[in-house]
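Each of the two complexes below includes subunit A, the first together with subunit B, the second together with subunit C.
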Partner chain A sequence: MRWCLALLLCCLLAAVNALSSSGSRLLVVQEDSTEKSLYSKLWADLESRGYDLTFESPKSDKLALFEHGERVYDHLLILPPKAKGLGPSLTPKHILDFLQKDGNILLALSGKSATSSAISSLLIELDIHLSTDRSAVAVDHFNYDTISAAEKHDVLLLQRPGSLRPDVKAFFDATPPLLAPILRAPVTAYGYNPKEEIPSAEDIQATGSQLSLVSALQARNSARFTVLGSAEALEDQWFSASVKAPGGKKTSTVNQEFAKQLTAWTFKETGVLKVGKIQHHLATEHAERNPKIYRVKNETVFEIEVSEYAYDKYVPFEVPAGDELQLEFTMLSPFHRLALQPVRRTETSTVYGAQFVTPDQHGIFSFRVNYKRPFLTNIEEKHEVTVRHFAHDEYTRSWAISGGWVWIAGLWSVIGGFLAFVVVWLYSAPSSAANAIKKTQ
Partner chain B sequence: MPSKRHAASTTSAPAASTPTSTPKSLSSGPATLKTNASAAEIAQHVWQQYLTTTPQRTLLLDAFMFFLVLVGGLQFLYCILAGNYPFNAFLSGFSAAVGQFVLTASLRMQTSGSGPGSSKPSSKGKNARFAGEDEEQTAGISHERAFADYIFGSLILHFFCINFIN
Partner chain C sequence: MAQSSLDALLKGSSGRNTRGLLRILILCTIAAAAVSSRLFSVIRFESIIHEFDPWFNFRATKYLVQNGFYSFWDWFDDRTWHPLGRVTGGTLYPGLMVTSGVIYHILRFLTIPVDIRNVCVLLAPGFSGLTALAMYLLTGEMAPSPSAGLLAAAFIGIVPGYISRSVAGSYDNEAIAIFLLVFTFFLWIKAIKNGSIMWGALTALFYGYMVSAWGGYVFITNLIPLHVFVLLCMGRYSSRMYISYTTWYALGTLGSMQIPFVGFLPIRNSDHMSALGVFGLIQLVAFADFIRSFLPGKQFQKLLTYMVFLTFGLAFTGLIALSATGVIAPWSGRFYSLWDTNYAKIHIPIIASVSEHQPTAWPAFFFDLNFLIWLFPAGVFVCFQKLKDEHVFVVIYSVLASYFAGVMVRLMLTLTPIVCVAAALALSCILDNFLVMSTPKGAAQAKANGNESKSLRSGRNPLVGIYSYFSKAVVTGSVTIYLLMFVAHCTWVTSNAYSSPSVVLASRLPDGSQFIIDDYREAYYWLRQNTPDNAKIMSWWDYGYQIGGMADRPTLVDNNTWNNTHIATVGKAMSSREEVSYPILRQHDVDYVLVVFGGLLGYSGDDLNKFLWMVRISEGIWPDEVSERAFFTARGEYRVDDQATPTMRNSLMYKLSYHNYQSLFPPGQAMDRVRGSKLPTETPQLNTLEEAFTSENWIIRIYKVKDLDNFGRDHSNAVAFDKGLKKKRAAKKRGPPILRTE
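Moving on to the complex of A and B:
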């Protein structure tokens, strides 16, 4: 009975955790609770995907990211505050600590109000540099929305981003079902402070694709931090707005879809890799699994099971075209660096494998898989094994090597010659007369 | 210049005649060489001399040593041409030939040292003191003892080589 209850509890827990691979507690930091309604569609979207939303003001006394040194929330969404900072419980240090404890953060900025110095210093810690002019906005006189920003040109129309590199999964693309990474400004955009009337060419800090409108950072512990340049992009107003580029057709925005992909990636619903079973053994039938010791020149098989989390379940991980999952067999430096090929597929994972001959070098080696790619959590596996040299009776006998036959023949002909010589010597003893002569000498 | 050459030839004539005097003293041997013999004739003479004056056992030793040189040379040549892959096999085969050669050479020194036609007369003039010791040594070792030592050394050599060739 109790066993059944435990099983039921497990099922319930699984159902609760089904959405994000790293928990569902989401804290939304919003200064003004009246602004909550501006983003109602986003909240509904997040709640429908299983997040427990908690709304707090940065000024609130109750707000704390940690309790007894543990994270209270799994994810953090910070909407731009109007005040100078985020308050005493959200200092840059607290936020970095949160990141270090595997918390994920989505930080939205806004062009409407000046960015606070606390946020700038936080971003500089992560090597993201904002314009020194705190209230600069990105404008583009070629890709603006003619309906809402005919004068100011500060509503930019952007294509869905493609892949960062050809060998990176396009997580934020529209056509593949997954998402994408950094959204760069179009080449014709530039940063500009609307309060100054005419920007001079020297004052422009960054132009075109130097401007990142959406930047993603994945820490070494795979915690994710996303900076969204414009909090307004998440507002209901833009989720279903119609826009018209100069000289273009009127289209509806895909902000809702993009927001979904962005939050899903940031809060670890996509692009999360999990390593399952790792096996290495000799390439013989019924070999011992994961032995501690190998011999030099052993034919060895290594297999690793990798799955990828996609919204609510694990699916087999496929390496993007042009990329490779690699196995290194290293002692200080890699002696082998091999591409792991998909061997078989289970329902939730792909098993990658490689077969190789251990190098002619004994020592402590390790099987290493080090797969770090943008937008995918890091895989870093290291399994140590000992590689011993040949035992004295494991060398090939010299008669098994045809190259040595000449020397074997040489040795035996010397021995045969010796025996023949001994026989002839004994039968050719000098006559006693000769001995007598010798004695007289 | 021609006068000088003439002088050299005249002085060399008695020098050339001295080695011919040694075979004269020997009881056996073919006809002595003439003073103006060609190189081929000299070689032929030396070979004939060797065949007639060397005891049979020493001849046998020399034949065996020639065989060992041949075997060792062939193995070394093969190593140069085909590479030294089972290196232990090369070392073993080649050192067996070399070692056997050294042992046979020792046996030859011990058994033919006091025989006729040895190089004793030449060494005697140079350092008589050592030659005397040498004679004592060779006199102290009988041929049977030398041969037994040779067999013993060879067996040890073969044992090591067969082990080493694996």
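Moving on to the complex of A and C:
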């Protein structure tokens, strides 16, 4: 009973508080509490979206991501530390464990201070490579802000990112298999260490759109990890600054909007897919739902319900144009790979379905839906079913096969002939008188 | 007074009744002895199913009892051969399971609440009692004296060659098949003696039962036609033979085709062609016999010659044409390996890898048959002396079975019945002569005359030879001693060699007390209790049935070795590097890998000792990827210590066997007690699997297959990171820039 109550309370809390689909406890790791005010607009924005913010310094003893093996926070926002590392409770291992347990992380780096080795070794594990120079910054001599960085050219002005591929949903518009760059540097940017004496054009590690200023990683368990190249972009002063590109007009930045989208995505407010009911059954009426066993050559129906979380509620998920949600019917390799079509739509979800005939091969098959797209949480569903052979009474009867009539006729003619022969034989038996004569002879 | 009452019991019609009663009593005693000598394993260990195949039979029986006959018939087993599954109902011999199912239901009907396991455990001993009865009947057909039958019954009851396959718990097809074999032969002898359709039909009925119970039915299928053929060649054609053979063949073939696993084999498979051929031949002979009664001798001779050439020519070309076009299946591999013992080793490693398919060692004959083996030729000789139709049968059977028993260890089982028959014939011949034979009438009369005429002492017939009490006493005494020694030997062999369940191992502690090693069951129950219901277990095929039966988890391969490629896949996964194995494991949905490792205890039947077979079998399918040579050192040695080849040390099997094994020993002193070698100091590094369970004596080791890394890393990198090693940066530090001047 108490359990029930607790559950109920949890549900209520969730309903009241969390806008994120995966909890509202957000830990902000910030070394210097005085810098908190630098980002006040961001905090206000996050709090207005229902997050419980906790501020901790990496040096603090109280800081712990886990308690009794469970996550204490749902999300983590790490602002660049000035010290060498993130302290004993935020080692790369802890951070990976946090991701392993479905926590989401937004990591901001800064050009002002050198990136700590702990962070770079963490990023290398995730296949994100920082410049070998710890304090390199991206500069661009064509798209800089003439107002604030007329000399250094290290304040970059970028257009809002478009979508990654035409068939990928764009969450950041108006924005490796697991890794997706959200914001790429303009083609004219390059990495440059301002502290080095001689700027050398040959020593550039990456240029142009090889540089990712904001990259996102979604682990296999859909935990999200975003690296923001510049923490300054989140500062209040850039939320509503006016900038001017060389030769351009003076405009105001949209950093606030971008930060909102970025945090919303990272903390699973957008791009979260949820699989509802999965049903498969024979294509007859009143068939048993989700049977464990099918027969070869059965007409089968498969249905999957998918919804998408958009900021505060689940909405029906629509597959982007040019993309499709696929169903595989596999044993070792797919025997069917079918596009699932939307069948019907409920208030919060779309039901996709397909109908097919099970292959003429018995074995242990599985219905698989494997939908992994950048910026969307992964759908990986696998439902095992057995496909059996024909039972002894499920074959066509012999008389129903026209080719077998010859044999059946042969069979019955032999039986009939034999019976006729017996009758004739018995009828034409010699009389007992003849026998008697033989005996006397 | 006592004398007269004994006389009343032993003479006349009441004497016949008394002897009948005695015979029944003796047979019952023999049956009881046969059953009880097979109970050693239950007493020593417990009522448990033994070895490997019986576990499948047991599981199938449980399925039959739970789901009824028809769903058993149509059983698609999705817990073996993952992900292929097995059409089990159509690929097994159902006789055994149906028999115990029927017994179970009868007992239930009689309101005796018995567990199906106990029915299965005790089925083989029960049927061995019946075998003794059938043996009595069969031998009784060979000799007029009932003593031969009783002796044969006693022999088959306790002979180790048969006990080896029928101790309590050895719930295998052979458990009932030997009874059926002997009884079918009895019915066949009966049929050919009487020329009766009834006996022929009964033979066919029991032949059908035999077909449903054991693949060894092919032995009957070939032996009976051979018997008929030999009799035909001896010119002993008779209408009795015609009637019994045609009845048996027609009904028996129809009956055997009702078993789904056999299906159309009797008319398509080469193994069955001799029966069909003899069936045709006997028609021709009958026809010729018919013609002869109408034709004069000379013309008939000519006709016969032409007909013989014509038919043989036609039959031979027909057979070749049908074999070439594939209508008749070619001889199976097991058949070839019967003729050429090296055939399997070269062509079919999977057959050669089974220990019971190896040629028999000579001492095994004495071990399994004791003094019967040297009475056996004498018995065959006795048969030659009489050489009626049934004795020809014994001779043919002995010749064939002796050869086959020499080729394959397991075929000792088919030799045993005929050895018992022949030995009983020889022994009863001796005993009858020496115990029963009284001084012949002529001699007695002469003696009487001599007494009357009071002639010289030297003129009397001296009481020497087989008529003297001395020779009788010596012969019967020595035979009795032999028989007693036989009983002692049988009991000893049964209790020491054949009563181990091999699921539970027994060893002796230094103080002589018994020490039970129960690692197998420990591990299987761990699987049963700690893994999800459909966790797929990969192991070498030897353990498939046991995992299915005891752990109740799906397996990739098992002892029903119908799919060589699938077995080779498992062999490849075991013998390759982790990087190669892991995709195979993922593709086959493997959750756990189970290996048997005897290094700690000195248990020699472990997977590393079978490893070369895995390599060979997978090399047969992927000669480019797996090479047996790479597992041997340059000097051709199979080593596991630090001299082992890199291929060996990187193979999954090696890693799984020795993972963490070094931690049991002080540094640098790890020993493998099976292969008697010192192991390398550092333990093999395992990346894609993690240890889940190791049994008490390290015999069974179970590993869990890791999921793909959550962050898309290599498993080796992930493991290195977890160990605290830093990843090297991919980019090298370049030197200072140099100004290029051109």
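Convention: the second predicted complex is superposed on the first by the 369 of 441 C-alpha atoms of A that agree within 3 Å, B and C clash if a C-alpha of one lies under 4 Å from a C-alpha of the other, contacts with A are read in each partner's own complex, and residues count from 1 in each chain.
By our rule, contacts are C-beta pairs under 8 Å (C-beta built on N, C-alpha and C of every residue); 3 or more make two chains touch, one makes a residue touch a chain.
Not measured: the values here are computed from a predicted model.
Student: For the three-chain arrangement built by superposition, which of subunit B and subunit C touches the greater number of subunit A residues?
Tutor: Answer, by number of touched residues of subunit A: C.
Student: With both complexes superposed on chain A, which partner does A:Gly417 reach: first (subunit B), second (subunit C), both or neither?
Tutor: Once the two structures are laid over each other on A, A:Gly417 reaches subunit B alone.
Student: Examine A:Lys62 and indicate which partner it touches, taking first as subunit B and second as subunit C; both and neither are also allowed.
Tutor: A:Lys62: touches no partner chain.
Student: Between subunit B (first) and subunit C (second), which, if any, makes contact with A:Tyr395: first, second, both or neither?
Tutor: first
Student: Is A:Pro430 touching anything from subunit B or subunit C once the two structures are fitted on A? First, second, both or neither.
Tutor: first
Student: Under the stated touch criterion, which partner chain does A:Gly403 make contact with: subunit B (first), subunit C (second), both, or neither?
Tutor: Only subunit B; A:Gly403 stays clear of subunit C.
Student: State which residues of subunit A lie in both footprints, the one left by subunit B and the one left by subunit C.
Tutor: Common to the two interfaces on subunit A: nothing.
Student: Can you check the complex and tell me which residues of subunit C touch subunit A?
Tutor: 70, 73-74, 76, 78, 82-85, 87, 90, 260, 534, 554, 587-588, 707-713, 717, 721-722, 726-727, 729-731, 733-734, 737
Student: For the complex, give me every residue of subunit A touching subunit B.
Tutor: 395, 397-398, 401, 403-404, 406-411, 413-415, 417-418, 421-422, 424-425, 428-430, 434, 438, 441
Student: Show which residues of subunit B lie in contact with subunit A when the two form their complex.
Tutor: That would be residues 55-57, 60, 64, 67-68, 71-72, 74-75, 78-79, 82-83, 85-86, 88-90, 92-94, 96-97, 100, 104, 114-116, 147, 151, 154, 158, 161-162, 165-166 of subunit B.
Student: If you look only at subunit A, which of its residues touch subunit C in the complex?
Tutor: Residues of subunit A touching subunit C: 92-93, 96, 99-100, 121, 124-127, 129, 132, 176-179, 200, 202-203, 205, 217, 219-221, 223, 293, 331-332, 362-365, 384, 386, 388-389, 391-392.
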